[in-house]
Amino acid sequence: MYHHVKKLMYTVNIGEPDPRFGRMLLEQFGGANGELAAAMQYSIQGFNCEDAPRKDLLMDIGTEELSHLEVVGALIRMHLKPMKNEREAAEADPLVAIAGGGGVALFDSMGNAWTADYLKVTGDLAVDLRSNIAAEARAKIVYERLIAFTEDQGSKEALQFLMTREITHMRAFTAALESMEKAPFSIGIIEPTPVLVDQFFNASTGESQYGETDFSGPWNQGNGLTAVQSEIKGGQGLDVTPYTPKPGSQKPVPADSTPVGQYTGPVGKKQAALHERAKIEAEKNATVEV
Amino acid sequence: MYHHVKKLMYTVNIGEPDPRFGRMLLEQFGGANGELAAAMQYSIQGFNCEDAPRKDLLMDIGTEELSHLEVVGALIRMHLKPMKNEREAAEADPLVAIAGGGGVALFDSMGNAWTADYLKVTGDLAVDLRSNIAAEARAKIVYERLIAFTEDQGSKEALQFLMTREITHMRAFTAALESMEKAPFSIGIIEPTPVLVDQFFNASTGESQYGETDFSGPWNQGNGLTAVQSEIKGGQGLDVTPYTPKPGSQKPVPADSTPVGQYTGPVGKKQAALHERAKIEAEKNATVEV
Amino acid sequence: MYHHVKKLMYTVNIGEPDPRFGRMLLEQFGGANGELAAAMQYSIQGFNCEDAPRKDLLMDIGTEELSHLEVVGALIRMHLKPMKNEREAAEADPLVAIAGGGGVALFDSMGNAWTADYLKVTGDLAVDLRSNIAAEARAKIVYERLIAFTEDQGSKEALQFLMTREITHMRAFTAALESMEKAPFSIGIIEPTPVLVDQFFNASTGESQYGETDFSGPWNQGNGLTAVQSEIKGGQGLDVTPYTPKPGSQKPVPADSTPVGQYTGPVGKKQAALHERAKIEAEKNATVEV
Amino acid sequence: MYHHVKKLMYTVNIGEPDPRFGRMLLEQFGGANGELAAAMQYSIQGFNCEDAPRKDLLMDIGTEELSHLEVVGALIRMHLKPMKNEREAAEADPLVAIAGGGGVALFDSMGNAWTADYLKVTGDLAVDLRSNIAAEARAKIVYERLIAFTEDQGSKEALQFLMTREITHMRAFTAALESMEKAPFSIGIIEPTPVLVDQFFNASTGESQYGETDFSGPWNQGNGLTAVQSEIKGGQGLDVTPYTPKPGSQKPVPADSTPVGQYTGPVGKKQAALHERAKIEAEKNATVEV
Amino acid sequence: MYHHVKKLMYTVNIGEPDPRFGRMLLEQFGGANGELAAAMQYSIQGFNCEDAPRKDLLMDIGTEELSHLEVVGALIRMHLKPMKNEREAAEADPLVAIAGGGGVALFDSMGNAWTADYLKVTGDLAVDLRSNIAAEARAKIVYERLIAFTEDQGSKEALQFLMTREITHMRAFTAALESMEKAPFSIGIIEPTPVLVDQFFNASTGESQYGETDFSGPWNQGNGLTAVQSEIKGGQGLDVTPYTPKPGSQKPVPADSTPVGQYTGPVGKKQAALHERAKIEAEKNATVEV
Amino acid sequence: MYHHVKKLMYTVNIGEPDPRFGRMLLEQFGGANGELAAAMQYSIQGFNCEDAPRKDLLMDIGTEELSHLEVVGALIRMHLKPMKNEREAAEADPLVAIAGGGGVALFDSMGNAWTADYLKVTGDLAVDLRSNIAAEARAKIVYERLIAFTEDQGSKEALQFLMTREITHMRAFTAALESMEKAPFSIGIIEPTPVLVDQFFNASTGESQYGETDFSGPWNQGNGLTAVQSEIKGGQGLDVTPYTPKPGSQKPVPADSTPVGQYTGPVGKKQAALHERAKIEAEKNATVEV
């Protein structure tokens, strides 16, 4: 059962309203990594959890996130205020201004309605805790970016409060996962296939125009993993040289390029005629520049 | 301006209600290729159209599709009727039964709410007509499949009526496009780049386990198009032989498989330790069967 | 600030789990008229509300709905339990069974993720209260239908509890709206245009195949409203007699049917040829039955 | 069956195109409370309605809303026109400009595709009429806000026309509901539980930092309703004083704060080590300001 | 099996980053007609295709579109770069800037998440090819519009490359469809109903305030199609003259406007009283101007 | 640049097609934790990544997931085959059967179209790696559940292959994160607020009807975290005893329950009258049972 006390968890005060910053803040109200997403992800995991101590944890943090939703909502409302009657402010987010009268609503900064598709709830506690650790990391980085885009001291402090709490939660979820003492990389109960599980497939190879190349590192060797190479490791994909925008560089089609299979069905007469016409037009237009 | 006359465009009568078939029919009410999608696609193209004769065409067909929406709605309602109070019928589509009281609503057969994401409206008339030709072809095939899944004569006849109209519309849109007398493959006003436009990139090669192979045909040669081959045309991608489910077939990793770049940063001590532990567990489990 | 107490607002107990009913119940967990929708609609209206007494009302009911979400979640979990390991139960809702491990999640009975598109939040208090009155009426009827589809006494009683609360809330919202003492039909501050506001447009006319006809009633006369008739009131739309599925009844096209405008552009030669071919095929197929 | 006459229901004329206002207007074309939403909500309720007189009402208004869709579409197109070829105008709504060629489409002012999730269709006539009354109130307030954000006289007049019609419809739906002569707060057929239905739960209490407090009013007493208080009515939730952004105010953790249950499982050694490290870092950083 | 080579198919270079143009370009990354939509539509059709030669075609082009996704992604990233730390740039697309750190993501230019609702996959090859022809036409026109909105030469050239490829694909899909040698307008296997299939319903008639009128053309006569007229062809819909914004022009309601059916149920006393009050208010306000 | 080789990464063979299991498998094709989601999440993170070695990692795994999409697609197609022409099979997923002709498409097991809302892409590498670790854990558990719901050996082996790869990827992403050698819980660059970051808020307290209670554990004490208690820790929320479904147990409203604020505005006369009527009806109905 929930109870609401009217006192906000954090006392929000801002200087000058900044409607465009208010719009940015909506990311943390109705956005993919925002407070409602956190509240719902943890609370619903909590509803389903049959491990009473960690259910308590999930409900503790899930409930705190609802309080954060209220805090960030209060902050946003202060910034959105000019949208109620200033045309220029309203242009920053017409959905908020026209349909919502300048108040907060469950949209992100680009007006997308909040959706439960943002949530990660599997009903496997150890998996859900990993999803929560990642979710807190994402929320932290989003708050950090918001702090970087405002000069308003009151806003910065409120965001610092909310950002700090994400780290607290990340630590708590990590501690809860550690306390389950599962073997590393042990998810669920079915064991992965030996040998196969140690093979890292090197599916991206070659060197890009920007100097990016193929690397080995601890993620594909030396941690029990070994890289499996492609037979095509020397390959550079399609013969793409022509498409770098340097005029006159089109390579001729290699003489031995016939595919293995040979389609021998009908060709479509109209198509052949159309091609003739297209060729004529192409020739006419061959000198046209973009 | 729209006017509604109460007479349905087609007099619907069915035999026995078949709620599971009713659910299937929702594809053509609130589904991606259904009557509302058609009505909206053509009508909104029509609202935007500045070519008065073809605007008339778009409005004619857009309006007819609204009448079809009503007809298919009447047909569906007859089939859904048992959902109002029979538990088993309600199980076929609980959203319709519980939230909608057994009536039609703008959902498809899997309960997805209709969305304007289904529509293709570019504001370029010749392009829009192509989208419409394709849309009518899709609607036709969907009606055909519905006809194949019912034995009810009244339903079959109603669907035959609706299906026939799609062909009429397909012919009309094709005639309208032809009457614009645009050069073939001429879209908009910027010409494609010569030579490049004639090259077909052979980006999928090799032979599959199921005998599929690389083909040439009129779509990549002989219509002004020539195939450009990949340097990796002999390649078979990753050395995947091991992963066919035949025990004992794992190939050794080739000796020369080191990638070009060598990452020389830190490795993460914890990770190395975890690996040790993982290796021990893997050995323990090496005999475990799924 | 929110606080959660572990005691459920209502003690849920069921007899035999019924997974297919559990799926139906999801309507009230993650569905369009369900408890999260209610909780969010009222709470977010509350966050925005500057009328302190009615803000208190919105927060009271918004918070209670969160407690209902928890109660209905507990009820659903009991019914979904067999989805964890029984294949037939899992078929009733694979998304819940496979992705969610048989727990509750923010989906409706057809697996649609909850979306804030369900909410109605305008920031105008008198308008929002009207939306809430309607929302409570919808939630009531949905609970009623759920009650009708189960024989489980514990489920029926839990639903009766939740259903009853919707009526309480409907009364409270109505009382709050009445206490604002706004003139009837006075929304916002701009007055509607006199005379025009009293005209009811009779945009649907005629008589259907099922005996439906054009009516007058207190909604288009006698409450200050007068009906405006269409000039086409005698019309029956397109001459549709042929499309009732009675063979041989196609009416000839009227002789005077030429439209006003006459398109005189090109016709498309290919199209004419195609028609010839289509006509031949049509004749060949004229005897084909569906 | 529907028929379209080319004459618009209202003759739209504007002065200078205002693309940013055009974008705002999309709320009433493809937005949640816009004309398509109204047209579809009433028409589909009408398709399902078995009360012939009120079905006529639903079809009348549903059809009129389609005509409004056309009118508001014409208005928007005039304002969007510069998006076709002016870069700055195109920036106001790139989806309209780039994908749609500057025409109208079924998006709202933030580019969200129209979705049937906006609709409220329950199949219970008395409930649906309440949803419609609320929908008309919302549409009215949105038009009012649009009027307030433009200086263009032609636009203002067109919007005034459309806004006026919403009030007409609101009156008609109210008259239709009243004429059903249902007992007040009587929804469906199952009675709510006596006594419980009269209890208003006071789930939000205390006093906020902004002076908001707990209220009684006609919505929780005096209309047959009595308030039920929480045992925690004196509570202020979490001891949040520290989090107001005043330095040095952190309260010590109360000595008696141990929870009831004591988790006695493993703690996770890595976690303990990590904490040590985190503590050291935190000390290092304790003087860092945001 | 897929393989990635690090070399981009096209070497992208731009001059000055233009974040607002970068946002526009997202249309072709995560938008409805963009490269992911193309890649997925063709590849998934390919997965399902049982015609090996044309399956090869679908996989060739589907794979090339993945390479285009990478190219357009590289182009966009260059333009979005300033969003990482410049507030004004970030305002152009806060979702990209705040949630995505200024990188590309699967959103369109208005921040809509990419959805498979954009795809057209029916499993009927001849139908799918038509959908693909239309899809390529749409992609072409979108690239053309993007080219028109930038002055950056490197961007223009990259877009010209991508645009050109769409025409190549359109030709290939057309050739493949032609090579199937299906009769024109022959979709699936069920024949349309003779005679009915030749009737074009003239469902939109009359003349608009802007001079638009009813047309005949090759799409409704002369290609085997004949127009079927509405009985209401002389009608102009509702008697709408009053609603052109010229004061004083309201026509009186015609004397013979009574509908056929006469509702004789209760009227609702409260409603009558409310009307009285409304009438008084309306009179008071009759002189109010918008 | 991408290249496709026709050989599947894993040779799929099944026994008897099982369309209902095929529908379940769609979770891993077009579902929230499925192969397209994995492919897109990693590839798009890779497009954005400026750390060349780990970009290589992201592209390697992102590309492998595309190959998995193809494998799981092949598996599903074999199971869906009967949907093409068997009515009962088609009922298992009408969207696949009717709209898709029995082929795979980008829907999950409940027909939801794949959406980029499933993806977690922040552009901060260390955060993205955490999201990927969690994503692999989720994918693993979903494959495990699918294995448990089939008896078909070929399907089990294919799923075992795919499941194993998720663990490989989880190890690789973990190794990559570890190799970045970031301080624990260090996300981004702004430090959290000292002291506050160590406080765990105990926002869920009390004891439930099912014996759940308040716990301490390593997540709220002993890892540098200390629990902050609520002043309301003894509270049990609303006085809910009456709502357990035991007749006659309604508690009287406490005498001292008057809220602090007293609303003194108008009450709404109609409302008072309605209440009188409601009270009479409630008395009449007091004996009605559900």
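By letter and in written order, the chains are A, B, C, D, E and F; residue numbering begins at 1 in each of them.
Convention: a contact is a pair of C-beta atoms (placed from the backbone, for glycine too) under 8 Å apart; a residue touches a chain by one contact, two chains touch by 3 or more.
Per UniProt, the chains are A, B, C, D, E, F = Mn-containing catalase.
Because the structure is predicted, anything quoted here is derived from the model rather than measured.
S.K.: What's the chain with its C-alpha centre farthest out from chain E (Mn-containing catalase)?
M.R.: Between chain E (Mn-containing catalase) and the rest, the longest centre separation is with F.
S.K.: Over half shared or under half: which fits the residue numbers at the contact of copies chain B (Mn-containing catalase) and chain F (Mn-containing catalase), same or different?
M.R.: Different; most numbers are used by only one of chain B (Mn-containing catalase) and chain F (Mn-containing catalase).
S.K.: For the identical-sequence pair chain E (Mn-containing catalase) and chain F (Mn-containing catalase), what's the CA-based rotation angle in degrees, nearest 5?
M.R.: 180
S.K.: For the interface formed by B-C, which of the candidate pairs E-F, B-E or B-F is equivalent, sharing more than half of the contact pairs by residue number?
M.R.: Answer for B-C: the repeating interface is B-F.
S.K.: Suppose each chain is reduced to the average of its Cα coordinates; what separation in Å results between chain B (Mn-containing catalase) and chain D (Mn-containing catalase)?
M.R.: 31
S.K.: Between chain C (Mn-containing catalase) and chain F (Mn-containing catalase), what is the separation of their C-alpha centroids in Å?
M.R.: For chain C (Mn-containing catalase) versus chain F (Mn-containing catalase), the centre distance works out to 26 Å.
S.K.: Hey, how far is the Cα centre of chain A (Mn-containing catalase) from the one of chain F (Mn-containing catalase), in Å?
M.R.: 15
S.K.: Quick check: what residues of chain A (Mn-containing catalase) touch more than one other chain, meaning two or more?
M.R.: Answer for chain A (Mn-containing catalase), listing residues that touch two or more other chains: 1-9, 32-33, 52-53, 56, 59-60, 62-63, 67, 99, 101, 107, 110-113, 115, 117, 122, 124, 141-142, 147, 160-161, 171, 174-175, 178-179, 185, 190, 196-199, 201-205, 207, 212-215, 217-218, 223-224, 230, 232, 235-238, 240, 243, 259, 261, 263, 265, 267-268, 270-271, 274-275, 278, 290.
S.K.: Of all residues in chain F (Mn-containing catalase), which touch chain E (Mn-containing catalase) in the complex?
M.R.: 1-9, 30, 36, 40, 44, 47-48, 56, 59-60, 62-64, 66-67, 70, 73-74, 77, 99-107, 113-117, 119, 121-124, 270
S.K.: Any idea which chain F (Mn-containing catalase) residues touch chain C (Mn-containing catalase) in the complex?
M.R.: 20, 23-24, 27, 31-33, 92, 108-112, 141-142, 145-146, 148-149, 203-210, 212-214, 230, 232, 235-238, 240, 243-245, 259, 261, 263, 265-271, 274-275, 278, 290
S.K.: In the complex, go through chain B (Mn-containing catalase) and note every residue touching chain E (Mn-containing catalase).
M.R.: 1-3, 5, 32-33, 46, 52-57, 59-64, 67, 115, 117-118, 120, 122, 124, 126-127, 130-131, 133-134, 137-138, 140-142, 144, 147, 160-161, 163-168, 170-176, 178-179, 185, 187-190, 192-193, 196-204, 211-215, 217-220, 223-225, 232, 235, 237-238, 240
S.K.: Could you pull out which chain E (Mn-containing catalase) residues touch chain A (Mn-containing catalase) in their complex?
M.R.: Interface residues on the chain E (Mn-containing catalase) side: 2-11, 13, 52-53, 56, 67, 85, 87, 90-91, 93-95, 97-99, 101, 107, 110-113, 147, 154, 156-158, 160-161, 171, 174-175, 177-181.
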